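The following pair of complexes shares a single chain, subunit A, combined with subunit B in the former and subunit C in the latter.
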Partner chain A sequence: MKELLKNLSLAFGPSGCEDAVRELVYEEIKDYIDKDSATVDALGNLIVHMGGDGPKMMICAHMDEVGFMVTGIGENGSLKFGTVGGIDPISLGAKRVISESGVRGAISAKPIHLLTKEEREAGPKIKNMTIDIGADTREEAEELTFIGDYFTFDSGYEEYGNGYIKCKALDDRLGCAIMCQLIKDIKNGAIDLKYDTYFAFTTREEIGYSGAFSASARINPDYAIVIESKAVADIYGVEGSKKVSVLGDGVIISYADRGTIYDRTLISHIKRIADENEIKNQVNLYISGGNDSANIQKNACGARVSTLSCASRYIHSQSDVIHETDFFAAYEVVKKVLNENPPTKE
Partner chain B sequence: MRDLLKKLMYTPSVSGREDRVREVIYNEIKDYCDEISTDAMGNLIARKIGNGKKIMFCAHMDEIGFFATYITGDGDIKVSPVGGINTLSASHQCVVSESGVRGVLVPNSSKDKPKCEDMYIDIGAKNKKQAEKIVKIGDFFVCEPKLEKLQNQRYIGRPFDDRVGCAIMIDAIKKVKSENDLYFVFSVQEEVGGRGAKPAAFAIAPDYGIAIDVTMVGEKGGPGEMDVKLGRGCAIKIKDSSVISSPELVKKMREIAMDGKIKYQDEILPAGGTDASPMQIAGRGAKVSVISIPTAHIHTSCEMIDMFDVKEAVKLTVALAEKL
Partner chain C sequence: MEKIKEILNILISATSPSGYECLGADALENLVGDTFDKIYTDNLGTVVLLKKSKKENAKKLLVDAHFDTVGLMVTRVYEGGFLGVCSLGGLDTSVLPSGEVTVYGNEEIYGIITSTPPHLKTGDSSAPKLKELYIDTGLTKEEAEKKIPVGSVATFRNKVEYINGDYVISAGLDDKSCLCALLYAAQALDPEKMEFDLYITASAQEETGKCGPSRAAYDIAPDLAIVTDVNFAKTGKDEDFEAIECKKGASIDISSVCTRKTVKSIMKHLTSEKIPYQVVCEPRATSTNADALSISTLGFPTVLMSIPLKAMHTPSEIVNLKDIKSLADIVSSIATCKDIID
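Moving on to the complex of A and B:
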C-alpha cells in the first residue's frame, strides 16, 4: 500500500488537471471492478459503484493537489504565476517545481543578503515571485510553457525516522491509496459490504470542493466518509490545543471543522468500531480547515457525513509529512465500518 | 406563547446538535400535521397537505455557542465558536454544557474585544483529570438561557434567535386552515451559514419560501440607517446581505398584511442573512422573503424583543399560509 501511496503522490494533479492521477487510479483498480461500474463525470470525478445491500455509502477522497498556474511570461523568460489552492508564500522561495509536460524550474527568491529590513519583516509575497525555468527570453519560455499551464512541487517520496512519510501531495493521495486498497479488498472478498457502496475519487477539492458537489449529486448518498489529511501543528514550540492533533496517535475522527459539523450518530458509530477493534484514534483539539464533506452534507437532500483524517505536518508544501500508523489506522477503520451494519438512526 | 417560548429557549441546542429542541418541537406539533419527518441533516419537516401553492416556511432550531476543543492541565476548557459569537458580550457570562456542566467564560485578554481562541471556560475543576470526567472534546456550551419581562411588552433573554421563529411557526401550525400545500421546516445549522435549509428546500421544491427569523433594529445601538424599531409590528424583508427578496412575494405579503390589518415594517438589513438565501437558490430556485422579528442586541446574552411584534408575525404567517 505504501508503494501505491508513493506512486500516487508523485503523480501530477493540481486542481482541474487530475487526469494523470485518475489514469493511475484506474489502472490500479481496473482488474478489480466491473467494467461498467466506473464513471467519469463532467468535472473529472472517477466514481466507482461496488454494489452491496443497504443504505447508500459514499467513500470519498480527492485526487487533486495544490499547485501553480502560469499567468504571465516576462520578457526575460520568467513566469508570473498564481497559486491553485491555499499555499503559504513562506513555503515557496527557491523550491523546485515541475510542469505538466515535465519542464523543471525553481521559484525565484531574493537572497537574504539583498533583502531590505522591511522586506525581511514583511515576508515574501507571491506577486513578487516568478518561476525560473532557465529561459532567457519570452520566446524561449513560450516553447516550454504557456499561460494557463500548471506547475506543482517537484519533490521525492521518502520514508524516514520511525514510520514517517514525506512527499508532496500526500494530501490527499493517501485517501486515494486507501480507497484503491478497499476496492481490491471488496473484490477479494475481504469485506462483506453492508452498504450500497460508491467510491468517489474527486477533483477540485483544493479550490472549493466543486468535484464532490457534482459527485454527491450523482450518488445522492445516505452516508459519506471522507478520507483526508488534516493540517496540524505538531511541531516544537507549539503546545496544547494549537497542535490540533499528533502524528502517530491514530486516525482523527473529527466532530467539526470550519466547513462541517459532523453527524453525531455516524461519528459515534465509527468511534465505537475503532475502539472495539483497538484501532488507534484521536480527536482534533482545534477547529480549522474544511473538505469535501461540506458540500456532500448539504447537497441535494443532504447526507450524514464524517471525515477520517491522517494528521499532516507542513501540509500544502513540498514536504507533507504523515505517519504510517495513522495511514493504516484510517484504512482499517473504513474497512471495518463497511463490514458492519449501519448505525441505527436516532 | 410565553411558556412555549421559554420551553424552546431553555433547551440548549447549538448548530449540528439540534436533537433536543427538535424533540420538544416534534411533541408540540405532531398532532397538528399530516406528515412529519426528519431528514439526513436533522431538519424537522412538517406538512399540512393541500392542493394549492407549495409554501415552505422555515425557522432555524440551532443557536450560537461553543465547542469544547481542548482541556488544559489546569482543567480549563478551550473553546471554538459556533456561529457569530460576540466575545465582548460573552465574556464573564455563565455558560452551561450539553450535559449540564456549568462554568464561566473567561476572556483571558486585556483587549476590548477578546479573541475566542484566548478565551476559556472555568468549570471549577482542579485539574485536567477532574475536568475530563464531565466534559468531552466536542461537547457544546452555550451562554445560559434567560427570559425576563421588562416594561411594556418587552422581553430580554436568549436565544430569541431563532426560537422565537420556531414558536411563531408552532403557533401558526396550530391555527392555520388552508387549501395550500404547506411545509413547515425547523432547520438545522443556520448559524454556520444556512447549511440545513438547502437540502430541505431541495427536497420540497417550494413555490414560495418564507423564513421566519430575527432582524436588527435601527435603535438601541443597532445600525442607524435601518428603519425598523421594536414594537411597530413584524418586518417584511426586502433585502439583506445574503438575499434580495422576490418583489412579487413582498408585494403580496404587504397586501395580505394590509387586508388583515396586520402591523408590519419594511426591512432592509445592511448586514447578515437568513435561511431565505439557501431556499432561494436550492434546486430550481424559489420566490423567497422573510417575516422578521425586530430584535435588539442580537447574539448577546440579552437579546430584546417586543411581544406585540411576535403576535403580528404569527398573524402574518397564518394569513400568508391561507391567502398566498
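Moving on to the complex of A and C:
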C-alpha cells in the first residue's frame, strides 16, 4: 500500500489537471470493479459504485494537489506564476518544480546578498518570484511552456525516522491510495458492505472543494467519509493545542474545522468502532482548515459527514510529511466502518 | 561538454561544507587521477594540486576555486528528534523551510527543515529566522543524541538537473563550477606549452572567512594569482543591468583589490587571442578570496574571474556549462602565455 501511495503521490495533478492521477487510479482498480460501475463526470471526478445493501455511503478523497500556473513570460525567459491552492511563500524559495510535459525548473527570487534590509525583513513574496527553466528569451521559453501551463513541486518520496513518510502531494493521494485498497478489499470479499457504497475521487479540492460539489450531487449520499490529510504544527517549540494533532498518535476523527461541523452521530459511531478494534485515533485540538466535506454536507439532500485525517507536517510544500501509523489507522477504520451496520440515530 | 558534466557531477556530489571539506576531499583526489605532479592537503583543509611546466625556472601561477559550500551545523538536539542549527556561511534562510538535508552524524541521517503552518504565525509571512527553524529527523531525542553529536554538519540534499540544454541546476555550484573549469583546463594542458607551474587550490573555508588560498600562498609563493568564483548573473530585473549574463562567458573583475596592470594585460591578451569575456566592476572589495589573497604574504599580482550564477547560496543555483568552458579556456590561455607578467 505504501508503494501505491508513492506512485500516486509522484503523479502530476494540480487542481484542474488531475487526468494523470485519475488514469493511475483507474489502472489500479480496473480489475476489481464492474466495467459500468465507474463514471467520470464533467468536472473530472471519478465515481465508482461498489454496491451493497443499506443507506448510501460516499467515501471521498481528492486527487488534486497544490501547484503553480504560468501567468506570464518575461522578455528574459522567466515565468511569472500564480499558486493553485494555498501555498505559503516561505516554502517556495529555490524549490524545484516540473511542468505537465516534464520541463524542470526552480523557483527564483533575488539572492539574499542583494536584498535591502526592508526586503529581507518583509520576507518572501510570490509577486517577487519567477520560475527559471533555463530559457534566456521569451521565444526559448515558449518552446518549453505556455501561459496557462501547470507546474507542481518536483520532489521525491522518502521514508525516514521512525515511520515518517515524505513526498509532495501526500495531500490527498493518501486518501486515494486508501480508497484503491478498499475497492480491492471489497472485490476480494474482505469487506461485507453494510452500505450502498460509492467511492469519489474528486477534483479541485484545493481551490474550494469544487469537485465534491457535483460528485455528491450525483451520488446524493446519506453518509460521507472524507479521507484527508490535515495541517498540524507537530514541531519543536509549539506547545499543547497549537500542535493541532500529533503525527503517529492515530487517525484524526475531526469534530469540526473551519468548513464543517461534523455529524455527531456518525463521528461517535466511527470513534466507537475505532476504539473497539483498538485502532489508534485522536481528535484535533485546534479548529483550522477545511475540506470536501463542507460541500458534501450542504449539497443535494445533505449528508451526515465525517473526516478521517492523517496529521501532516509542512503540508502544501514540497515536503508533506505523514506517519505510517496514521495512514494505516485511517485505512483500518474505514474498512471496519463499511463492515458494520450503520449508526442508529441519536 | 560531456567531460565538463562528468567532472562537475563528481565535484557536486562531494560533500564539503565550510570547515568540513575533508568529507569530500577523497572524491576530489580520486577524480583528478594522475593529471597532477603533486597533491597535498594543508592544515586548514585546502587541497593543493600542482601541474608542472616542462620549462625550466617556470614562474608559479596560483589559481584558486573554493571547495567549500554553505551548510548548517547542529547546535542542539531537542525533544522529538528536532535539531537546532546555525549556519556555515551566508545562508539564505528564506529557502530553508520544507527543504531536505543530509545530516553527517555518526551516520548519514535524512532530515527536513521545519516550517511553521500559516495558522500559527504571528504577522504575515515574514522571513523565517534560523533560530525558529529545526531539522526534523523523525527520531526520538535519545536516538538523535546517540546518532548526531552536537557539531555535526548538514548540507542540502541535492538533485542535479540539466535543463534547456546547457544549464545546470544544483546546490554547490558556488564554487564547484569554477573548480570544474580549472580541473578541466588542467587535464587538457600540455606541460611542454605551459609557461607557468600551475597550482590549483581547492580551498577551504571561503564561505566562512575567505582564508583558504591566502594560507596556501605561504607555501606556494606564487608570481601570479587568479581567484575564480561565481558572481550574480542577470535575471532580467531592472536593478541588475550592471550584472553579467549567463552564456556570455566568464568575466574579469575590475576592482580596487585586483592588480590593475595585470588585469589590463590579461584583457589585452584575451582580446588578441579572440577569446571572449565579460567585464564586471567591483569598486571596493569583491567578497571573494581575492580580497584576502591579494594582501597575503609579501603580495603578488592578483586578479579575479567569475562565472555568472543565478540563485546564489540556494539548493537551486543555476550555471551554464558554456561559461564553465569559457573560464577553462581563459585559464588555459593564460597558463600558456609568457607575456602576462614581467
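Definition applied: the second predicted complex is superposed on the first by the 346 of 346 C-alpha atoms of A that agree within 3 Å, B and C clash if a C-alpha of one lies under 4 Å from a C-alpha of the other, contacts with A are read in each partner's own complex, and residues count from 1 in each chain.
By our rule, contacts are C-beta pairs under 8 Å (C-beta built on N, C-alpha and C of every residue); 3 or more make two chains touch, one makes a residue touch a chain.
It should be emphasised that the depicted structure is a prediction, and the values quoted were computed from it without experimental measurement.
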item	value
Subunit A as common anchor, with subunit B and subunit C clashing or fitting	fit
Partner chain in contact with A:78 - subunit B first, subunit C second, else both or neither	second
A:113 touches, of subunit B and subunit C: first, second, both or neither?	second
Comparing the two partners subunit B and subunit C, which touches a greater set of residues in subunit A	C
Partner chain in contact with A:255 - subunit B first, subunit C second, else both or neither	first
Which of subunit B and subunit C A:96 touches, first, second, both or neither	second
Which of subunit B and subunit C A:302 touches, first, second, both or neither	first
Vertex subunit A; arms to subunit B and subunit C (CA centroids, nearest 10 degrees)	130
Contacts of A:231 with subunit B and subunit C, given as first, second, both or neither	second
Shortest CA-CA distance in Å separating subunit B from subunit C in the superposed model	10
On subunit A, positions contacted by subunit B and by subunit C	286
Touching residues (chain side subunit B, partner subunit A) in the complex	15-17, 19, 39-41, 43, 67, 69-70, 72, 78, 80, 82, 137-138, 189, 192, 195-196, 198-200, 202-203, 278
Residue ranges of subunit A in contact with subunit C within the complex	74-78, 86, 88-91, 93-96, 103-114, 120-125, 130, 132-136, 140, 144, 155, 158, 160-164, 166, 231-238, 242, 286, 288-289, 313-315, 317-319, 321
Interface residues, subunit A side, partner subunit B - complex	222, 240-241, 255-256, 261-264, 283-287, 297-304, 346
Subunit A-facing residues of subunit C, complex	78-82, 90, 92, 94-100, 110-112, 114-120, 124-128, 132, 134, 136-140, 143, 159, 161, 163-165, 167, 169, 232, 234-237, 239-240, 246-247, 287, 310-316, 318
